[in-house]
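Down below are the structures I want you to see.
The two complexes that follow have subunit A in common; it is paired with subunit B in the first and with subunit C in the second.
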Partner chain A sequence: MFSDTSSRLSKVLAPLLFLLPALAIYLTFAIYPTLSVVQYSFHDWDGISPDMEWVGLGNYLEMFDDRIFWEAFRNTFAWSAFIIVINVGLGLVIAAMLSRVWRARLILQTAIVLPVVLAPVTVATIWRWMYQPDGVINEAFRGVGLEALATPWLGSPDVVLFALAFAHSWSTIGLSVIIFLAGLQAVDEDLYDAAKVDGATTLQAFRHVTMPALRPVTAVVFILTLTASFKVFDIIWATTQGGPIRSSELLSTYMYKRGALENNYGYGAAIGVALLVIVSLATIIYMQIQEKKDA
Partner chain B sequence: MKMFNKLMLSVALGSAAAGAAAAQTEVVIWVGGEPGETTIYETLADELSAANPDVVYTVVTNTSDVFNPALVPALSAGEGPDLFTFGTGPGQPAALIDGGLVADLTPYYYEHGWDEVIPEGVLMQTSKDGKLWALGNEVESTGIFYNKAIFEEVGIAVPRTWAEMQAAVAALKEAGYDTPIGLGAADKWSISHWQSMMFGRYAGPEGIENVLFADGKWTDAPFVAASDRLQQMGSDGWFGPNPVAINYAEMMDSFWAGDLPMTFTGPWVINGGIDAAGDRAGQYGVFQAPPFEEGQEIVPTESIGNGWYIRSNSEHKDEAVAYLNALFMTTEGRTKLLTGGMVPVGPLGEASQNAQIPEMRAELNASVDRYRDNGTVPAFLDTITPGRLTNVAYDGLQALLLDAMSPEEFTQELQSAWEKAKEDGEAMEQGGVAPR
Partner chain C sequence: MFARYLLLLVLTVIAVLMSAPSIMTVFTSLKPATELGDPAWFPPLAPTFEHYVRVWTEGGFGKYFGNTVLISAIDAVVMIFIASMAAYAMVFIDFPGKLLLKFVFLLGLMIPVTAIILPLYSTVRSFGLINSHLGVILADLALAVSVFVFMFTSYFVGIPKALHEAARIDGASEFQIYRRVVLPISAPVIVTTGLLEFMWSWNDLLLRLLLLPREDMRTLSVGLLNFQGTQTRDITALSAGTVIMAVPVVALFLIFQRHFVRGMTSGAVK
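Our next item is the complex of A and B:
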C-alpha cells in the first residue's frame, strides 16, 4: 500500500521536476515581464523615476480618445490581413507547386526560404533601396514602358503600408512554405489518385483534397503569421518610422513612440496590453471557427 | 635559499603592482558616436590618464540607438558611467533629474569658473529648479550647404534676398537639377531643422521664447506664415518631387556625390563630407538662407547638441569634473575640440586662432557670426520641446510637404499638443542657476 502511494507520488512529481527548469525560465522571462507590463499600464510612469503614480484605467480611457491609436489600430489590421493573405494563401499555393516540382526543387526551396534567415534590419535596408524613387523597382517599370506604375513607394501615404507589408511577406513567407511542404508530405497520395479517377482537375484536387487535408497545418501557419504580423516593428522603424504622416504607423511603433520616446511608459504599456488582447482574441476566434468546421 | 628569496621578491613586487593597480581610479565615460571611431574625447582621456597616474579615463563610444537603451537601465540600477553625454531640455533629462540619477553640478559651476564660460542661452537648456545638471557640450548651428561648382556651372551666386533665392532655384531647375535643395524628409527630424530655422526667422528670438516660456502660441501669425512658406517651397518642387520618400543619409550621399546643389543641415556632416567628397571638398560652402520676407532679419540658429552629466552616486565626481575642465575650460582643450570639428560652448577667443578648422566649418562659423547681433534662435526645436510635441510636429511637417495639411491645421496641432504637454508638466521650464 505504502509502496503504491510512493510510486504514484513519484509518477506525479517526476514530470514536474523535469518541467521545473523550463517552467522557471518561462515564468521569469515570459510571464513576469508580461505581468509587469500589465502593472505598468495602470500607472503614470516615465520609465526612470522610482515612483509610479497609480492611475487605474486612466491610460485605457485615454486610448479610447486617442485618434492616433485608432489610426495605428486600423493600419495594424490592414497590415496583418495583407500579410495573412500572402503568407497563408500564396504560401500554400507555392508549397503545393513546389511539392509537384522535382527538378531544381532544392534551388527554388532555398531561394524562397533564404530571406527568412535575414535580419529584419537587413530586409528593411534591401527594400528601402529597392523602393527608392529611382530604385530598381521603378527603373524596371520605366524600362518596360510602365512609367505610370513608378511611384515613390515609401513616400506615398496610399501605398507605403502595403509596400512594406509586401517586403515583410517576402522575408517571412519561406517559413509558411516550409510548414505547408511538411504538411503536404503527410497527405495520402491515394487521395489524389482517387480524385484523378473521379475526373478531378488539378485545381479541384487542390480544393477538395489538399486544402481540407492541410486544415490543421493552415491553422498553425495562420496563427504564427497573425501573431508575428501584429508584433512587427523593425522593418517599419528602419524604413519610415510610421510615416509618412502616420500612414505606416502600427500599434507596435506607436507603443514605442509613446512609451520610450515620450517617456510615457504607462501609456505605452497600455497599448502593449491592448495589442496582446487583440492578438489573443483573434487567435481564439480563428481557433473556434476551425473547430466548428472540423466538427 | 636563493630561489626562495627570488620567489619572495617576485611575490612582493607582484603584490605592490597589484596594490598600485587597485589604487588606480577608473573614470568611465560614455559618449555617443560610431563604435571604433576615435574621438577627441578618447584622445583627451589618454592624455589626462598619462598626466595623472592615479586615474584612468576610459571612454566608451556607442551609437544613440544602443546608447540610450543601455544608459537608462544602468543608471536606474545605480551603475553605469561616471560621466556621460545625453540630450538636454525636457523629456528624458528631466526624468533623470527627477529620478535623482544625475548629480547637481551647481557647486562646480561656481567653484571652477564655469559661470564665465557657459552662455545664458545654454544654461537655460541645462538647468532646472535653479540648479545646473549638465555642462553644455558643443554648439551646433545650421545653414545651407551648397555646391559651388554647380552654382558656377549654372551661373548663380549665393542669394542674398528671397527674389535671388527664387531665381537661383528656378535656374537650377532649368539646368536639369530636379532637386535644387536636398531634403531627406523620410527622416522626419531633418524637416524639423527647417521648421526651427523658419519659425525663428518669422517670430524672432523673442517670439520663440514667448511661446516656450510665456503665453505665446504656436498658432500665432509668424508660425503660420513660416509653415505656409515651407509648404509653398515644397509645392514648388524646391525639395524635389519626392522628398518624403528619401532618407537623410541617402540624400547626403547624393549631395557629396555632387548631384544636389544645396541642402540645409549642420556641422555634424562636415568631417564625413570632406572624406566623401575627397578632392572636391573645396567645392562646398555654407551660407545662411536669405530673409524669407521683405524686411525680415537673418537670425542664425544655435543649439547645444547635448550635455555632460555626472552620475549622482559616482565616487569619482571630482575626477569627472577634472576631465570636463580639461576639455572646456582650457585653451588647449577648446582648441582640440575646434580642430576635431566641434564648437565648445562659450567664447572661443584664443582657441579659434590656434585651431585648424576645415574651410566649410569656418564658412559656417563666419555665416553665424555675421548675423549674431540679431540674436540667435534654437537650431533644434525638437530637442527642447516635449516628445509629445515632437511627434506631432514630425508627422505634421511631412503632411505639410505632402499638402495633406494646411499651415493653420499644422500649427493648431502643435498648439494642442503643447497645451497638453504643459498641462502634464512636460514643457521645459525657464532655466537658470540660482546665485551663490
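Our next item is the complex of A and C:
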C-alpha cells in the first residue's frame, strides 16, 4: 500500500522536477510577457505608475491613423523583400556553385558563411565605416571611374534602407547557403544522370531537375529570412536609429522609440502585437511546410 | 574544363568580396596613425597593438569582455541542463498534459523578442533584476529554451527505448538514467546547444540595452554601440573594439564549424 502511493507520487513528481527549471523560467520571462503585451495594448500606461487606464481599441485606432506607423510598416516590408530576393536568389546560386566544387570547397564555404556568426552590432560598425562619404565603398567606385555611383549611403533617404538591408544580407546569406547546400545534397544523383543522357545542359538540368527538387527547401529559406528580417532591431539601432527623416524606420525601432523611450507602453505594445501576429503567422506556415517535408 | 575554372574563379571572387569587410577591419585595427591615410585595403606595414591596449583599458572593453563572458558562459551551461531535462521528461516519462505542454513550448518558437520587450522589462524590474546579470540570463534562457527543448527532443527520440527500459529494470531512478545513460551519449546535441546559446547571448544587443543600463554592467555589444556614438572619428579604436567582440565567436566557429552548421540549420527558427 505504502510503496504504491510513493511510487505514484514519484510518477507525478519525476516529470515535474525535470520540467520545473525550464518551465518556470519560460513561463515567467517569455509567456507571461507575451500575454502582457496584448493586455498593455488595450491600456494607456507610462510603464511606471501603478494604474493602467483601459482604452479598449484606442491604441489600435491611433495606430491605424498614424502616418509614421504605416511608413515603418512599408519600410519593414520593403526591407524584407530586398533581403529575401538576395538571400533566397543569390543564396541558391552560390550554394549550387559550391556544390559542384570539391577542392577548395571548405575554404570558400567558410569565407562565405563566416559573417553569420558576427553580432549585428559588429556588422553595423563595419558597414557604417565602409558606407561613410569618404569610406572604402565610395573610394572603390571613384577608383574605377564610377564616380557617379558614389553617394553618402547612410545619409541619403533614398538608399539608406537598401544599403542597410545589403549589410544585413551580407551577414545572413551564409545561413541560406548552408540550408540550400543540405537540400542540394539530398537531390537524387540519378536524376542528373538521366538529364545528361537526354542531352540537357548544366543550366537546363538546374532549371528542370534541381529547382523543382528544391522547392520545399526554398520555402523554408523564404520564411526563415522573412521572420528574421521582421525581427531586426540591432543593426538599424546601431547605425541610423531609423533616420534620416524616418527613411530607415522599421516597426521594431518605432516601437522601441514610442514604448521604451517615450514611455508610451500601451501604444508601443500595440505595435508589438502587430509584429507578433505577422511573425507568428509566418512561423506557423513554416512549421506546416516542415511537417509536410518530414512526412 | 574551362567551365570548371570559371566556376572556381567566380566563387573565389565572391569569397574575397565576402571576407573583405572583415579583413579590412582587422587591417585598420592594426595600423599606426601614420598609415591611416592609406586605402583601407592596404595591409598594415608596421602593425601595432596600441589601439587594442587603449580600447581594452581606457575604453572599458576589458570590463565589458568579462561581463559578456560571464553571461554567455552561464547561459550556455544552464541552457544545456534545463533544455535536456525538459526534453527527457517529454520523451521518456509518461504524464498527463504532454501534448498541451508541447504546444506551449511551440509558442516559444513564434515569439519575436522584439515584440515583447516592454512587458519583459516590467517583469524583470518587478523581480528587482534590472542592472543584474541574472536578469539578462533569465530572459535569454526563457526566450531561447524552446528551440533547444525541441533540438534535444528530436535527438532523444532516436535513442532506443530498450536502453531506457533496461536501466529501469536495473532499478535506476529517472534522474540516474538521465545522468548516467542519456547525457553521456548526447554529446553532439550538447555541444551544438552550448555553442549556439553562447553565440546568441554573446551577440545580442537589444536585451542588454534594455536590462543593463548601468555602465559597469555593460556587455561588449552595448559597449561597442556607445563607443560608436562617442568615437566616430577614432576609426582605429572602433575597429579594434569590433575585432575584440568578433574574435571569440569566430574562433569557436572555425573550431566547431560542423556543429555550428548543423545547429544553425536545425535551430534556424529562432
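Note that the second predicted complex is superposed on the first by the 249 of 295 C-alpha atoms of A that agree within 3 Å, B and C clash if a C-alpha of one lies under 4 Å from a C-alpha of the other, contacts with A are read in each partner's own complex, and residues count from 1 in each chain.
By definition in this document, a contact is a pair of C-beta atoms (placed from the backbone, for glycine too) under 8 Å apart; a residue touches a chain by one contact, two chains touch by 3 or more.
A quick note: this is a predicted structure, and the numbers were derived from the prediction, not measured.
Contacts of A:D198 after superposition on the shared chain: neither subunit B nor subunit C is touched. In the overlay built on the shared chain, the residue A:E291 is in contact with neither subunit B nor subunit C.
Of the two partner chains, neither subunit B nor subunit C is touched by A:E147. Contacts of A:V273 after superposition: subunit C is touched, whereas subunit B is not reached.
Residue contacts after overlaying the shared chain place A:L19 against subunit C, while subunit B stays out of touching range. By the touch criterion defined above, A:R128 lies against subunit B and subunit C together after alignment on the C-alpha atoms of chain A.
Shared-chain residue A:D188: touches no atom of subunit B or subunit C.
Contacts of A:G47 after superposition on the shared chain: both subunit B and subunit C are touched.
Touching more residues of subunit A than its counterpart among subunit B and subunit C is C. Where the contact sets of subunit A with subunit B and with subunit C meet, they give residues 47, 128.
Listed in rising order, the residues of subunit B touching subunit A in the complex are 72, 75-76, 91-92, 95-96, 98-101, 185-188, 241-247, 250, 386-388, 390-391, 394-396, 398-399, 402, 404-405. On the subunit A side of its complex with subunit B, the touching residues are 46-50, 128, 131-133, 152-157, 239-241, 243-246, 257, 261-264.
Within the complex, the subunit C residues that touch subunit A are 3, 7-8, 10-12, 14-16, 18-19, 21-22, 24-25, 28, 39-41, 81-83, 85-86, 88-89, 93, 95, 101, 104-124, 138-139, 141-143, 145-146, 149, 173-175, 178, 199, 202-206, 209-210, 221, 224-225, 228, 235, 238-239, 241-242, 245-246, 249-250, 252-254, 257, 260-261, 264-265, 268-269.
Of all residues in subunit A, those touching subunit C in their complex are 11-12, 14-15, 17-19, 21-23, 25-26, 28-34, 36-37, 40, 47, 94, 97-98, 100-101, 104, 107-108, 110-122, 124-130, 135-136, 139, 170, 175, 178-179, 182, 202, 224, 227, 230-231, 233-234, 237-238, 252, 255-256, 259-260, 265, 268-269, 272-273, 275-276, 279-280, 283-284, 286-287.
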